[in-house]
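Here come two complexes built around chain A, the first alongside chain B, the second alongside chain C.
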Partner chain A sequence: MGTFVVRRLLIAIPVLFAASLLTFFLVINSGDPLETLRVRPGVSQQVIRNEEARLGLDKPFVERYTKWAGSFIQGDMGLDMKNRPVWPQLWSAIKYTLRLVLIAEMLAITIGLMIGIVGGVRQYSTFDYSTTFVSFLFFSLPVFWFANLLKVFGAIRFNDWLEQPGVSWAFAVVLTAVVGGSFYLIGRKRERLSLAQPGAGLKWGGIALGVTGLVLLSVATYVRNRDFGRFVKTLGSEPRILADTFAERLWGYIGHGVLPVIVLFTISYAGYSRYMRASVLEQLNADHVRMARAKGLSETRVILRHAFRNALIPIATIATLSWGGLIAGAVITERVFAWNGMGDFFLDSLANPSPDPNRLLAFVMITATATIMFNIVADIIYAVLDPRIRVR
Partner chain B sequence: MTTVDQETEFAVEVRSQWRTVIRRFVRHRLAMISLLVLAVIFLASIFGRFIWRFDYLERDTANLSQAPSWLHPFGTDSLGKDMLALTLRGAQRSILIALVVSVLATTIGVTLGSIAGFFRGWIDAIIMRITDLLLTIPLLILAGCISWQFDGGGSWWFLAVLLGSLSWQGTARIVRGEFLALREREFVEAARAIGVRNPRIIFRHVLPNALGPIIVSATLSIAGAILVETALSYLGLGIKAPDSSLGLLVSDYQAAFQTRPWLFWFPGIFIIVICLSVNFVGDGLRDAFDPKQSRIRK
Partner chain C sequence: MRQSKTKVVLACVLSFALIASACGGDSDEAAPTDDTEASTEEGSGDTATVIYAAEQEYTSYNNGAADQGLFANTLVLNQLLPGPIFYNPDTTNFVWEPVASSVKVTSEDPFTVEYVLNPAAVWSDGEAIDCDDFVLAWRASNGKDGNRVDASGTEATDADGNALAVWNTASTTGYSLIDAVTCSDDLKTITTSYSSVFADWRVLFGGLLPAHIVERESGVADLTAELSNEDLYKVADFWNTGFVGFKPETHVSGGPYVMTDFTPGQSLTLERNPNWMGEPAATEKIVFLMVPDATQQPAALQNGEVDVITPQPNVDLVEQISAIPGALLQFDSGTIFEHFDLNLANEHLKDLRVRQAVAACIDREEIVNTMYRNINPDAQVLNNRIFMPNSPFYKDGSGKFAKRDIALAKSLLEEAGYALAADGYYAKRGKTLSLRLGRRDPNPRRQQTNELVIAQCKEAGILMTDDPAEDFNAARLPASDYDIALFAWVATVALSSNNSIYLPVAQGGGQNWNNWNRKEIVDLTKAADSELDEATRVGLYNQIDQLVWDDMVTIPLVQWTELYANAEAISGVVPNSFVGVTWNAEKWVKTAL
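Take a look at the complex of A and B:
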């Protein structure tokens, strides 16, 4: 195991080196950062030469790259084109993005795995078909479009509703009818399969109808009696003025974070639920599960102890694969919701006003390192969980 | 075949592998519907401009910012441009780019993947390190770094070639895996024993057996390409102003969502419908190619 980690880390070094070289080459050759300065009237040649010297434009490619690489190895990411140190800016961006990505990812894993298990166990049921469709929908959702949609419906309209709460009678009737009706149908189906007492359909339907009505009523009165302000925010990564108490601060952070988290959740949820479903299906057909059933274990025990645990193993790989998609998703999400995270940092570095080599290199190196680390961790987890796999 | 027919009453229909695959695919209802939807959108985006009464550049100054009506089914923008024509034009660009990306990425991926998987050794090591390199940097980031410098002249085929040459890693890995497994099989060994040369083994014996996963990943990569292209265009790093793309349309009209929602809804729904159909077709193909996954449908 030790040699495996060391070997992988050693392989990572040339890959990171190549990544930095590629990025450096691309950025250096993308336009002249002094273009506007050169055409501005009244700027002396000396000023331009000084700027060239400061940005290293007068030196050849190799020299500029070795200078950057030399300081990077010593942990110095250098200055950006406006002479500000890169690392503090990047670090503050990383903190915002991590907050977003971690919460979204945890939600996606939890919900995705649960849905995946049920979908696998109840293959080709109505539940399975509808969750499969939702997963495919999320796979096909353009992030930028969905984020804008949420901005209007999740924030602006929702805040309007919080200010002027009210549930129309038609909506209340339709909602309670739909919930009650679907529980009635589920109950009837279980009756038919003799999984439930006769009359369960009516009982369940009635209870669901009542509960929905009560919930609606209490939510409506609660919202009416409380002042939320305009709770869900569409712009910014945190409240501009920090509140005094912890609870109020948390509330502010939630208001800013809820929509971006939802967007990032949709990006990785679909992957988890689909792979978990496939993985559970594979386990349920495996010999050890048949053995467990033959022993006469209860179905719950078979699924949770024998199928679920083993089905989790391949998910370790999916978690690392979704990382690239999350970074790309974060770039778009942060642009739409004006978060000061890594996505914002990246887009700023691209057009600032021309690509900023040190900033972009720092960004690429951090994301690339994270990707490689995730991959190594996934391989280790895989090997630890599955004794059949030997890491070399 | 005929002798069997004559000798017994139980006619056994002999099907080639392709016939079986097509049969399984045709039975996949959702995939067939999706294929139909895709065909309609594709044809409309290519030939629609010859039939539809408005051109995407034409301004109907009598109907500015019109909600969807019989004359303009998707409404018009503040300049009086017909939204249906604009959306079809954007869809045409996005689909063409996605097709080029898919073909290019599949070609590169299959070539490199089969070389790596067949010859193994140091060639394999080099190719896999290049894949690792491209996998460490998210496609959106890499493409953004490059396409940034081509403003103004951001032509669609440049973007397509760029995305295609950067997104072959997945296919290469799949093909390599298939080759590693297939090259050890008996029929390959037999071919080698009777003196068949390497190129013939690759093209006649191994590649046809790896076609299923290749076709599936090529199909699914179309959906991925559309999402990446529209995202880049949305961020201003892809298709630029005089030209059009579904992502650019969303970006152009996102501010109008509150006042003229139809400008926002239609391009986005087009992206979803196209990607969803492609994904369903890919799913159907996967079921059709993989007998292990064949299922009894009610």
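Take a look at the complex of A and C:
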């Protein structure tokens, strides 16, 4: 194990070197950092030459790269083009990104796995078909479009509704019909009734109607008696003015985080549920599961002990690998919701107003290191979980 | 079974009744608002805070440093840094009473300006705003300190062998002409004497930095005194780097607001300056909320998260904002204007008649109509390069080139010896009249402009081709490597900053890339910049503009439209293209609706 880690870490060095070299080459050959200064009236050539010297624009590529690499190895990420130190900015971006993606990813894994298991165990059932449909729908959503729709309906319209609550008759009727209808169908199935008895199952429909009514009534009463102050936000990662009590703070953070979390959750949930479903199906058809059933174990025990555990092995790898990528941030989501994380940091560094070498290099090095590290971790986890694999 | 069915039907009826009562929504009884715990944060209810959506981040207090100057900083500093003179959006100016009580030219030869400050004028930490601050501004920007020298008197260099400037100042215009800044009357009267008349003297000493902070942080007791090199470098070091970012103890304010919080990437907060000597700001707090993606600003405005937005306009954005109930939309034709530059080194364009033919074939009205009026219905063709139409000094010098005239273009070309060839284009001595239209790439607006011009001039028999380049503005413009160039200039209140564009290169025309040489411009700029009477001076600059028309070196096109939108709860938002919307933020009022 030790030699394995050391060898992998050694391989990482040339990878990081190549990544930084390529990025550096691309960055310093795009854009002119002094463009605005050059067209500003009254700025002398001397000033422009000084700025060129400060940014090293007059130096050849190799010299600039060696200078950057030298200080980076000593742990100094340098200053950006506006003379601000890079590391505090990057560190703050990492924290914001982690806050966002950790929550979204936790939710996606939990819910994705649960739905994947049920879908695998009850293959080709109504549940399986509907979750498969939803997964593919989520897979194919364009993030930008989805995020903007969420802003309109999940924030603006929803907040309007919170201010002036009320439900239209059409909505109430549709909601009741949908809820009542599905409970009716489920009830029929539960009692194993055939189509010849159309009246049966009404009890379930009635219960559903009652529940819907109660819920709507209590929600409406609650909403009407409370001032939410346009609770769901379309922008920003935290409340600007922090309230005093914990509950109010939490409320503020939720208001800012709910929409981006929904977007990120939707994207990665679909993947996890599909992977899990496939993995469970594979296990259910495996010999050891057949053996467990033959021994007369209960179905719950078969699924949880024998199928589920083994099905998790490939998921552990996939999840670990995707964690590495998540450090790089969710560029589009962060941009749309003005969430000051890594994705936003990256975009800002690209046009700041021209590509900023120190910022971009710091970004690339951190994300590349994270990816490499999580790769190693994924391999180790795989070996730990699956006794057939040995790392060497 | 039968029994239970009746029960079920009853249950259904009951539950419908329940739902119905839940739905009785839109009643007009007001929601009780006794518990307000959830609304204490931001949001529409809070009238003490106005939130402005900032597209770019504030970086530094010192906008005069070459590496720190940004419009995003100007937007913040408008409310923080004091100055004796302030400009209105229409380019007129006034003495900023809370800071200065009088500003006047006391002598024309030698040219001397005297500033008398309000005796009560203080920074937010209680220190007086006085002559020291003027001396600091002058020292940092007069360019007289040059490069650094080490102890032995040889020029100091950094690790790479580059010379090090003492002050990293972007521009020394005006300050370099000041010989001395003298303090008197308990440091509240400042006398500046110039080596020659500088007619734009009013633009100097705006945005003063706190000298007492520089003294304290650099450990130099008095920066108005004669300084040893060592002390001078300490002062300059702090000036060069010390104002980056925000520290409450160094970033003191001499304006209506004071900065109290800056969270990079998130927001910046200004609060009323308790020591402000003028009328207190109308709103307690102004928050600059970072919204880097302008397309997301309308949704935030609609959701009450921001109150004032100034995104770069486009058709979609304007439609989106117009659809927001209660949003107020204002357009302003700003100070940035598009124009064509004709390079006189070109074999065709060296002939005035060809240049005039180009001006006659371009239908500027159509360009403005198709590309600008769909956003701002009031957009107009621009006919002056120095004064914008919102200025009282604007004068249209276009003459017979005000409107497109194909016949005129053709007759001018024929007069110049060109003949229409079989391919439909004019040619002279076998050479087709073919011109490249240079522009920066990518830039969809300029690309579309060029496409229109190419089609328009084709009708007049002039062959034009689009000539996009990524480094067009950075490399090809300064190298005069173009036939016709489409780019933008910024009109400023400092009229003399136009000189470098129109003067012959040898006489200081650093930005005259058209190879245009008119001796009259030298005399006119000289006369204008030593002329203290505003009306006469404006007349001289309009003469310069007329000369450019006569020689048809550049063709002004249109000003960039600026967009200002705010929630209806906010009043007092007035467009200002020079220093940005926050110029009068101290007058913004938010009322509860």
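Note that in this section the second predicted complex is superposed on the first by the 359 of 392 C-alpha atoms of A that agree within 3 Å, B and C clash if a C-alpha of one lies under 4 Å from a C-alpha of the other, contacts with A are read in each partner's own complex, and residues count from 1 in each chain.
Keep this in mind: contacts are C-beta pairs under 8 Å (C-beta built on N, C-alpha and C of every residue); 3 or more make two chains touch, one makes a residue touch a chain.
If you're wondering where the values come from, they're calculated on a predicted model, not measured in any experiment.
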| item | value |
| --- | --- |
| Which superposed partner A:4 touches (first chain B, second chain C, both, neither) | neither |
| Contacts of A:18 with chain B and chain C, given as first, second, both or neither | first |
| Dominant toucher of chain A (residue count), chain B or chain C | C |
| Partner chain(s) touched by A:26 [first = chain B, second = chain C, both, neither] | first |
| Chain B versus chain C as contact partner of A:145, first or second or both or neither | first |
| First (chain B), second (chain C), both or neither touched by A:87 | neither |
| Which superposed partner A:347 touches (first chain B, second chain C, both, neither) | both |
| Which superposed partner A:127 touches (first chain B, second chain C, both, neither) | neither |
| First, second, both or neither for A:253, with chain B first and chain C second | neither |
| Partner chain(s) touched by A:72 [first = chain B, second = chain C, both, neither] | neither |
| Overlap of the chain B and chain C footprints on chain A, listed as residue numbers | 148, 152, 156, 335, 347 |
| Interface residues, chain B side, partner chain A - complex | 129, 132-133, 135-141, 144-146, 148-149, 223, 227-228, 230-231, 234-235, 237, 246-247, 250-251, 254, 257-258, 264, 267-268, 271-272, 274-276, 278-280, 283, 295, 297-298 |
| Complex interface listing, chain A residues touching chain B | 11, 14-16, 18-19, 22-23, 26-27, 29-31, 124, 136-137, 139-146, 148-149, 152, 156, 324-325, 327-328, 331-332, 335, 346-347, 350-351, 355, 360, 363-364, 367-368, 371-372 |
| Interface residues, chain C side, partner chain A - complex | 1, 4-5, 7-8, 11-12, 14-27, 31-33, 35-45, 49, 59-60, 66-70, 158, 160, 162-163, 165, 168-173, 241, 244-245, 264-267, 269, 287, 289-293, 296, 299-300, 302-306, 471, 473-475, 478, 490, 492, 494, 497-498, 500-501, 510-511 |
| Interface residues, chain A side, partner chain C - complex | 32, 34-35, 37-47, 50-51, 53-54, 56, 59, 81-84, 88-89, 92-93, 96, 148, 151-152, 155-156, 159, 163-169, 172, 176, 199, 202-203, 205-207, 209-210, 212-214, 216-217, 219-221, 224-241, 243, 245, 247-248, 251-252, 335-338, 340, 344-345, 347-348 |
